[in-house]
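Have a look at these structures, which come just after this line.
After this come two complexes, each holding subunit A, first together with subunit B and then together with subunit C.
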Partner chain A sequence: MGGEAHHGKRRGNFIQRTIDSLAETLERSLYAEQFAEERGILQRLDPRVKLVAVLGFIICSAASRNLPVVGAIALVAVVLALLSRIPFTSLTPVWIGMFVFSGLIAGPAIFLTPGPSLATLPWLGWHVSSYGLRSAALLILRSEVSITFSVLLVMTTPWIHVMKSMRVVGVPTTVVVILGMTYRYIFLMLQSASDMFEARQSRVIGKLSDSDARRLASATVGVLLSKSFQLSNDVYLAMQSRGFRGEVYTLDEFRLGQNDYIAIPLIFTIFVSGIWFGLV
Partner chain B sequence: MDALFTLNNIRYDYANTAQPALHDVSMTIMRGQRVAIMGANGSGKSTLLRILDGLYFPKSGTITAFGEPLDEHHLMDDTYAHAFRKRVAFVFQNPDVQLFNPTVYDEVAFGPLQMRWDKEKIARSVAETLDMLEISHLRDRAPHRLSGGEKKRVAIASVLILDPEVILLDEPTAALDPKSQSMVVDFLVGWANSGKTIVTATHDLDTVPDIADDAYIFQQGTIVAHDTPANLLQNHELLLAANLIHAHHHHHDGVPHTHPHFHLGHEHDHSGEI
Partner chain C sequence: MHIPDGYLSPTTCVALYAAATPFWYVAGTRIKKTLSMRMVPLLSVFAAFSFIIMMFNLPLPGGTTGHATGAALAAIVLGPWAAVISVSIALVIQAVFFGDGGILAIGANSFTMAIVGVFVAHYTYRIIAGKTAVSASRRVVAAAFAGYLSINAAAFVTAVLFGIQPLFFTDSNGAPLYAPYTLDIAIPAMMIGHLGIAGFAELIVTAGVVGYLQKNDISLLSMSDVGTPIVAGTLQSGLRSARTLWLIIAGLLVLTPLGLIAAGTAWGEWGATELVAQDGGKTLTNAPTGLLQYANVWKAPVPDYAVSFVSSEQLGYILSGVMGVGLIIITMLLVTYIGARISRRNEHTNP
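This part shows the complex of A and B:
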């Protein structure tokens, strides 16, 4: 990869394509920060206000037992993405990924939760419980809301500002140090993984048998894990060497502007309404 | 000249390895000295630099920096840590681990921000440093998108901006194209009379006479020789034993022969034929 994201048609197996696209997505969200330069609605807000708002919306959806309320918060996220000029092409992979992961966790509840049966699966004879379906939908929707707001925050705010805002709102230094390190480390690790797969591919002739492919994949994961320890250590040492001790200093001073004074009561109203209607 | 670093019987072990990374290392680095730490891969050069930068702490032995013990306890103190980080800079071998800011400008400004310089001074110093390293045109680029040579220059700029007294460089010319290599070497040569103390870990013997006045050879975690670069580079037996040169078979004027092989001043050195 050599620090560059792949463009154009990629070769390679499923794992390599996944690593490459993860690296590309991370690069876009963590580095390019082109969306942070856009003059959208979220980009005009003070990072501290954005961070508190995102945490508020996530708490609100997590606390809510009411599906339409969580749906309404999800709608707020989509509207904010539109008004912040975040293209849906950047959000869709995140939504699909979260749907698959949370779906795997929530899926069994559809059949296992006791309650009135809505339908029965052909052949298997499993009953789709209405309570189970509601629980699964709630869990998936909450996960989608959380990931969407988190991604919106990262895409519309330079990462260093996110870290500084965390310190302002009282996130402990250790957590900020770990996040700062992770920011660089994840990208380097994906680069490393992609390089390893490419190097492997260049030495493999023909198609490997399934067992050989599995053996190679597990060996690669082992080497990558060992490399990742070294890498995380080096990233931390490099930050420490240049005087980083967990406190984040930036060239830009945070100042609340007119937009923030309009946004704060609006966000507060949505938050309180969400909690109120979500719990009743 | 006064002693900046004094190391006495240093030993360092990595977890799960039988062989110590460093053992019985004693040395003194004087103010304004340019020191080369030579050794093959795995000889302990990088570990030594990390100890000098207060990133690793020896398992046994003592180290003092600027007349005070350099240990974990002292570096826990904010005032001491700030003063030390301001005075000692480290350029890592892999610039990728060192560059973590969104733009080159932010990268170079990162150190001064940690030192809490005022914004005007930071803006002025960043502009000057970018100019000095001839990378002003890269100021708004993302560091990870640059070429290897450009990354190295940004890494050097990001530590030079603090005007440190000591610069530690780990394999500064490794994996660079010839033009970038010569740029880095020119920088190191240019610091000859700057009063800065430069410690360079390298196995690139070609550059050592230009960048150092004093040199150590490391092998299996310990010092096996200490002399001037000129004297050490003449000792082919020692260089061969330390895996810094290799004997190989090749042709000169159609005559095949074998001798220890390395390049100095772009000339083949044949004096140690075996």
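This part shows the complex of A and C:
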């Protein structure tokens, strides 16, 4: 999550820690792509259908006032993951991460929310409120449902298709093109940043002081910024030399297949019943 | 922080998409008008850049680490409108591909970080930097303030969004359906982390990079600031005197709780009842009615320098000091800014 702080872990070495986090991001995205080739149920659907379905299910769980309904949508996500041959080993880190994050935020609500007391903690004497427990469960379950669906979408669809299909939900074509280019540059810049830190790491003996680490970070960000502008100029010239005049055209090869025609009514039924029972 | 899905009601999410849309629209048309086609690769590259710098976990004073969002830096280098687009794009990629922030909450996250964060950074930087040259050391101070205030403003709006959820969205029993804490818990909980940690990460990166660019690639800093001279005369001395001044103010702030040691009230600053006690009943037996009448006209937002959500009196005193100094600086900057504008307008009308 953005803007937060982390205590402890590998704090000693700022450079190594940054190299690790850059590599981890690179690895995660490449790892995600490999499941897009599997012959699972979600991989067979048109990316546009998948995107709308994922959004629909997330809206369902967000709109539901009913814990069992959110639970049922979570079950749909798990079943879809199984049928799409996404191993649970790749989903559990996501689930645990979200549980810890949301749990920390929602935890105190169990005691702070006024409501009938279910139990009292020994020694501390804090009352576990049934309303608080329900609120915390709703918050955690909803955030888990949402992240599971977005991970399923990304894992079963090549990223370029995810972006193209965003036009269905009204994202302008220019934005889709910028998104696509951004995604490519992220990998290029992950590599540049990683190279810079590795080059520095190989020249450092001992431990870098905190103030040196901060100076190094600022300088690296500055260099990266200069490089970015140089890159964007080069890319612009390359685009212009290939005839770019501000108009964006994309090949639209998406076509609904037999699987989609079976899936659409099913998704629609789940969505409508989710909203219906969720609001009761 | 990036708001995940499930923390805000769908109504709030829709409202924030609606609130962000005009900004996106204006940003889109402005960019088309000014830099047109060149902006397509520029925005993509800068969005990728904002994404990458979130991975640099800086060691912060006090033993923690934190990372910057780059929103303030984007605002300073690209100008506010282009920054709105590129930070929003980075947020979309984070939400969809990396699960950082919810998909329904993209509007909310863009509103807090890419709109509130960017504009607070832009105006803070512009106001503090004033008419100084691009290479002026005052711009590093301006960038530091821009970074610190930008992320804190974004965090504050996020806290308010969380805090209003239990007011509007509860089930039939009154149990909260989304973020469960009311404003009195949500605001201090969010702000302590951001005022204390995340704000400094943003401060270090924004000021550090502006300082770095001044030395190594100054053209990037004048991109969104065309017409300002690049080099000024009194660069180093300005930095030194400004730094000394900030150190003195910081030192004084830390010393503010000294007043708690002293017994009694500051001389001449007695309240109505204290005035009678001070007099010892010699001439005054009751507080003057006029004084009593006006004593309740104005209620201070932070009475007796005691910040309601901080239990430690010393810490509350320091925090009140920080708020007070901040208010004074902002007021002074505003007055200078308005004064400069008025004199400029007069120059135009009476040549």
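Methods note: the second predicted complex is superposed on the first by the 168 of 280 C-alpha atoms of A that agree within 3 Å, B and C clash if a C-alpha of one lies under 4 Å from a C-alpha of the other, contacts with A are read in each partner's own complex, and residues count from 1 in each chain.
In this text, a contact is a pair of C-beta atoms (placed from the backbone, for glycine too) under 8 Å apart; a residue touches a chain by one contact, two chains touch by 3 or more.
If you're wondering where the values come from, they're calculated on a predicted model, not measured in any experiment.
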First (subunit B), second (subunit C), both or neither touched by A:S228: second
Partner chain(s) touched by A:F57 [first = subunit B, second = subunit C, both, neither]: neither
Partner chain(s) touched by A:T182 [first = subunit B, second = subunit C, both, neither]: second
Contacts of A:P158 with subunit B and subunit C, given as first, second, both or neither: first
First (subunit B), second (subunit C), both or neither touched by A:A106: second
In the superposition, subunit B vs subunit C on subunit A residues touched: C
First (subunit B), second (subunit C), both or neither touched by A:S150: second
Touched partner set for A:S241, first subunit B, second subunit C, both or neither: first
Which superposed partner A:F271 touches (first subunit B, second subunit C, both, neither): neither
First (subunit B), second (subunit C), both or neither touched by A:R65: second
Overlapping contact positions on subunit A, where the subunit C interface meets the subunit B interface: 3-4, 32, 159, 183, 188, 231, 235, 239-240, 244-245
Of all residues in subunit B, those that touch subunit A in their complex: 50, 53, 55, 78, 81-82, 85-86, 89-90, 92, 94, 96-98, 100-102, 106, 109-111, 113-116, 119, 122, 142, 144-146, 158-159
Contacting residues of subunit A [partner subunit B, same complex]: 3-4, 27, 31-33, 158-160, 180, 183-184, 187-188, 191, 231, 234-235, 237-245, 249-251
Interface residues, subunit C side, partner subunit A - complex: 1-2, 4-7, 9-10, 13, 28, 36-38, 40-49, 51-61, 63-67, 69, 73, 77, 85, 89-90, 92-104, 113, 151, 155, 171, 173-181, 185, 193-194, 197-198, 201-202, 204-205, 207-209, 211-213, 216-217, 220
Subunit C-touching residues of subunit A, taken from the complex the two chains share: 1-7, 11, 14, 17-18, 21-22, 25, 28-29, 32, 54-55, 58-59, 61-63, 65, 94, 98, 101-102, 105-106, 108-109, 112-115, 131-132, 134-136, 138-143, 145-147, 150-151, 153-154, 159, 162, 172, 174-175, 177-179, 181-183, 185-186, 188-190, 193, 210, 213-215, 217-222, 224-226, 228-229, 231-233, 235-236, 239-240, 244-246
